[in-house]
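Here come two complexes built around subunit A, the first alongside subunit B, the second alongside subunit C.
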Partner chain A sequence: MRYVDEYRDERIARALVADIARRVTRPWVLMEICGGQTHTLMRYGVDELLPREVELVHGPGCPVCVTPLEIIDKAVAIASRPEVTFVSYGDMLRVPGSGSDLFRVKAGGGDVRVAYSPMEAVRLARAHPDRQVVFFGIGFETTAPANAMAVWQARREGLANFSMLASHVLVPPALELLLRSPRNRVQGFIGPGHVCTVMGYRQYEDLSRTFHVPIVVGGFEPVDLLEAIAMLVAQLEEGRAEAENQYVRSVSYEGNLPAQRILEEVFEVCDRKWRGVGLVPRSGLRLRPAFAAHDAETRFGVETTSADEPAECRSAEVLQGLVRPTDCPAFGGRCTPENPLGAPMVSAEGACAAYYRYRRHAAGP
Partner chain B sequence: MFHCPVPVPVGDRVLLGHGSGGKLSADLLRQVILPAFANPALDRLDDQAVVEVRGLRLAFTTDTFVVKPLVFPGGDIGSLAVHGTINDLAMGGARPLFLSAAFILEEGLPMETLRRVTASLQGAAAAAGVPVVTGDTKVVEKGSGDGLFVNTSGIGLVEDGLLLSSDQARPRDAVLLSGTLGDHGIAILAQREGLEFECPIESDSAALHGLVARLLAATREVRCLRDPTRGGLASALNEIAARSGVGMLLDERAIPVREEVKGACEMLGLDPLYVANEGKLVAIVAAGAAEAALGALRDHPLGREARRIGTVTEGHPGLVAMRTVIGATRVVDMLAGDQLPRIC
Partner chain C sequence: MCLAVPGRILETEERGGARVARVQFGGIVREAHLDFVPEAAVGDYVMVHVGFAISMVDREEAERTYRLLEAMGLLAGEGLDGPGADVAPE
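On to the complex of A and B.
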């Protein structure tokens, strides 16, 4: 398949690995920000091929993983209402809230549906005016434009029965928080290719300059990631700290301007709590007042309660790259994809689930 | 005495994931179903039970079909039910003899749909040479069923001396796959999600007893056969590895997947290793017989694209590993819950 096979080519991958090994003279800690990249690293075993000096830690970029417990609890409360048809991306259904998850709501008779696009929820609202259709709008800058479009379309059509439970998060503020942390070990970042496809990489240039850290925007195939790692190692070894773009077939400097415009029109920046990280100032998107009629939180008046994570779960440190999933005593025992304690074990993009699925032979039984 | 190695409760309600063919299904089986019925024939956990009656070895199987949509490119619930049941018999090395068919009909189902499904079921049975000799119909109130559910059972005869079972794999055996992965699951999903491709993807739904007969005529050193339906190839191989106490090493590049299926999987974020098939088999064959077995499979129209995809190993028992396209290795795990909702 074009644009796929050549980025999974063993010869090219080996050449890049050799290039990295040739350049590297001392240990470097690199972080891939995006969960999709973590998944690729694990699925293809990319990290296994790297020289010992290159340590990869896994970033907070799994939207499912960082959605706070309170929002899951709100989703569960809304989805449990008899008048509601609750529509979500599939991965969110298994994320445990403090009491239940959406799969259990569905099993208990709730009308919970999986969709690949928020426009499916708009279609449902149009087809079933007697139902309250709620879309669970989560994700980074990548999914936000499509979700914005759905709300925009619903308002234009006057679909009073469509609303969105929006809990969007933005990558740069989280990255800034990581970089400001005194515990930070990360010396170079693989930037989130899909986020930058929408947003461009101007913001990453600013971060790179401010914190004097190399950032290479990377793609999602094994060769993309190896090339991004090679570019990071080259920068680090040469003492440079720049924002570079490896994922040129998708990412431009300015990004997707129409997508940015719809985001701007529908959403505004707000403070947001990240599961495992805590409150990150100006790191979320919420609906603007002009779209308040389609805000599920106000429509259903769900209480904001604060909920505690299971004490045993170390996902907070995993999401900040401070520990590896296998360092957690619950990993693979009390915490598995069937019975996850924390969100990174739920989503295919979560670091813990990726380790569990692809890495157990290395981690031991 | 029933022993449960995983002390995880299945929960207080049935979830959709309990029907996925992955780990949740296995838990349901182990914690609720098996303790209720435990007996030696059942405990083998093969696709069919083989029981001895007056010197004859009878294979017996049953399967229920709840696929949505009822009609899909390459088949419908009727032909799928016949193929699925024949294949469950064939994977035990049995020659299928007779089928039953039972229908659960939802009030309001168009009679035309029922006619089409019964005609297709009969057509598939006739083509396979296995008659439907008994059956049943029940009607449930509107809202209590999803149009039409079909249950089929089948019996067949297993030759003396032939033992195909998931606990028979041995180190150094070859892992063979009869053709491309994922065609059925993606055909269903594409239809359900309204995805369109330049070349429409058709289900691979087919009766495999002819292919199995060809294989067994070429070599008797076959240890185990499985049709990777729900849960896909990954689940089938994990079950064999666990039951036989062996490991496996697959070669990702050797696993055939159609370009259209690959493309759909990329778009939908699915892994073809977990997508359902209804006309493929995986064969564990003694190393020395691998070439003969592969030749026999390729001689049959349903096995033309057969490949050797891996080897059974002594190391890492119970774990299926795979050499990836870039030359590293990773674990091929069983799926925890559902990858797709309800595909067979």
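On to the complex of A and C.
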């Protein structure tokens, strides 16, 4: 496929690995922020091609993994109501809440549907005025504009039976939290290419400057990631700390302005709890008051309860790159993709699931 | 979750005040809304995420890595392994 296959070319990958090996003189710890990048790294064994000086740790960039338990519990409560058709991205169905999950609601006869796009939920609301259609709006800045557009469209058409359970998260505040942590070991970041496709990389330039850390916005194919790693190693070896863009074929400095405009119109910034990480100030998006009529939390009056993660799950440390999934005692035994204890084992982009799926059953490197 | 896949616009239509395209990804054709890339036209490559195009692929830039490595002489003399991988799932 055009613009995919050529970025999986082994010759180019090998040339980039040689380039990295030539530049590196001492150990560096790098983090890819985005779960989609974690998935590519594991799937193609990119980490195993690198010289031993370059250590990759995996970041918190899996929206499924960081959606808090309380929101899953709310989703379960809303989806269980007889008048509701609950529409979600597929990954969310098996994420365990404190008591149940959406998959079990569906198996028990609940009207829970999987959609590829939020516009499918708008279509359902249009076609079934007798049903309350609720869309589970999760995701980072990449996904939020599409979800915003669905709410905007529903309001424009006066679809009173459409609402959204919104739990969006923003990447830069989480990155800032990681960088401020006294336990942080990360010396350079691969920036999230599709988040930056929407938002541009001005915010990453600010972070790079404030914390004197190199950030290279990277794509999602093996060659993209190797090139981003080569650029990071070059910066570190030369003592530079800048924001650079490897993924120029999709990312511009300003980002996608029409997408940013709809985000701004529909959502406002709020504090948000990240599963496994805790409360991150100003790291979430919620519906603006002008769209309150389409807010599922208000419409169904679901209680905010606080819920605890299973004590055994070490997702908090996994999501901050402090331990590897294989360091978790439950990994591959009591916790598997069929029977996940924590969200990072559910999503294909969760670090635990990526390790499990791509041959990392034995102790990690 | 944040995955976006490049595809080529086959045709576009107006629907309820919005522009929607049929986009080809390898062997699959899917719909994508063009609200965020109003300038996109038939034949353009766009990155599509959850049913919306979020950017137009810069063709010049897409060739850059390859050209760079070629210029560095890093691609010479290596045997070619065809890209065998399938299209990543969404």
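FYI, the second predicted complex is superposed on the first by the 360 of 365 C-alpha atoms of A that agree within 3 Å, B and C clash if a C-alpha of one lies under 4 Å from a C-alpha of the other, contacts with A are read in each partner's own complex, and residues count from 1 in each chain.
We take it that a residue touches a chain if its C-beta (ideal position, glycine included) is under 8 Å from a C-beta of that chain, and two chains touch if they have at least 3 such contacts.
The structure displayed is predicted, hence computed values, not measured ones.
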Touched partner set for A:300, first subunit B, second subunit C, both or neither: neither
Partner chain(s) touched by A:34 [first = subunit B, second = subunit C, both, neither]: second
Dominant contact partner of subunit A by residue count, subunit C or subunit B: C
Which superposed partner A:14 touches (first subunit B, second subunit C, both, neither): both
Touching partner for A:94 - first (subunit B), second (subunit C), both, neither: first
Which superposed partner A:338 touches (first subunit B, second subunit C, both, neither): first
Subunit B versus subunit C as contact partner of A:211, first or second or both or neither: neither
First, second, both or neither for A:4, with subunit B first and subunit C second: both
First, second, both or neither for A:116, with subunit B first and subunit C second: both
Intersection of subunit A interface sets (partners subunit B, subunit C): 1, 4, 8-10, 14, 44, 116, 223, 348
Residues of subunit A touching subunit C in the complex: 1-12, 14-16, 18-19, 34-36, 39-40, 44, 61-64, 89, 91, 116-120, 138-140, 142-143, 145-147, 149, 153, 157, 192, 194-195, 197-198, 220, 223, 227, 248-252, 256, 258-259, 262, 347-349
Residues of subunit A that touch subunit B when the two form their complex: 1, 4, 8-10, 13-14, 42-46, 48-49, 94, 103-104, 106-108, 114, 116, 222-223, 336-339, 348, 356-361
Residues of subunit B touching subunit A in the complex: 8, 11, 13-17, 23-24, 27, 193, 259, 262-263, 266, 268-269, 316, 319, 321, 324-331, 333, 336-337, 341
Touching residues (chain side subunit C, partner subunit A) in the complex: 1-6, 8, 16, 18, 25-26, 33, 35-38, 45, 47, 49-52, 54-55, 57-59, 61-62, 64-66, 69, 72, 74-75, 78-81, 83, 85, 87-90
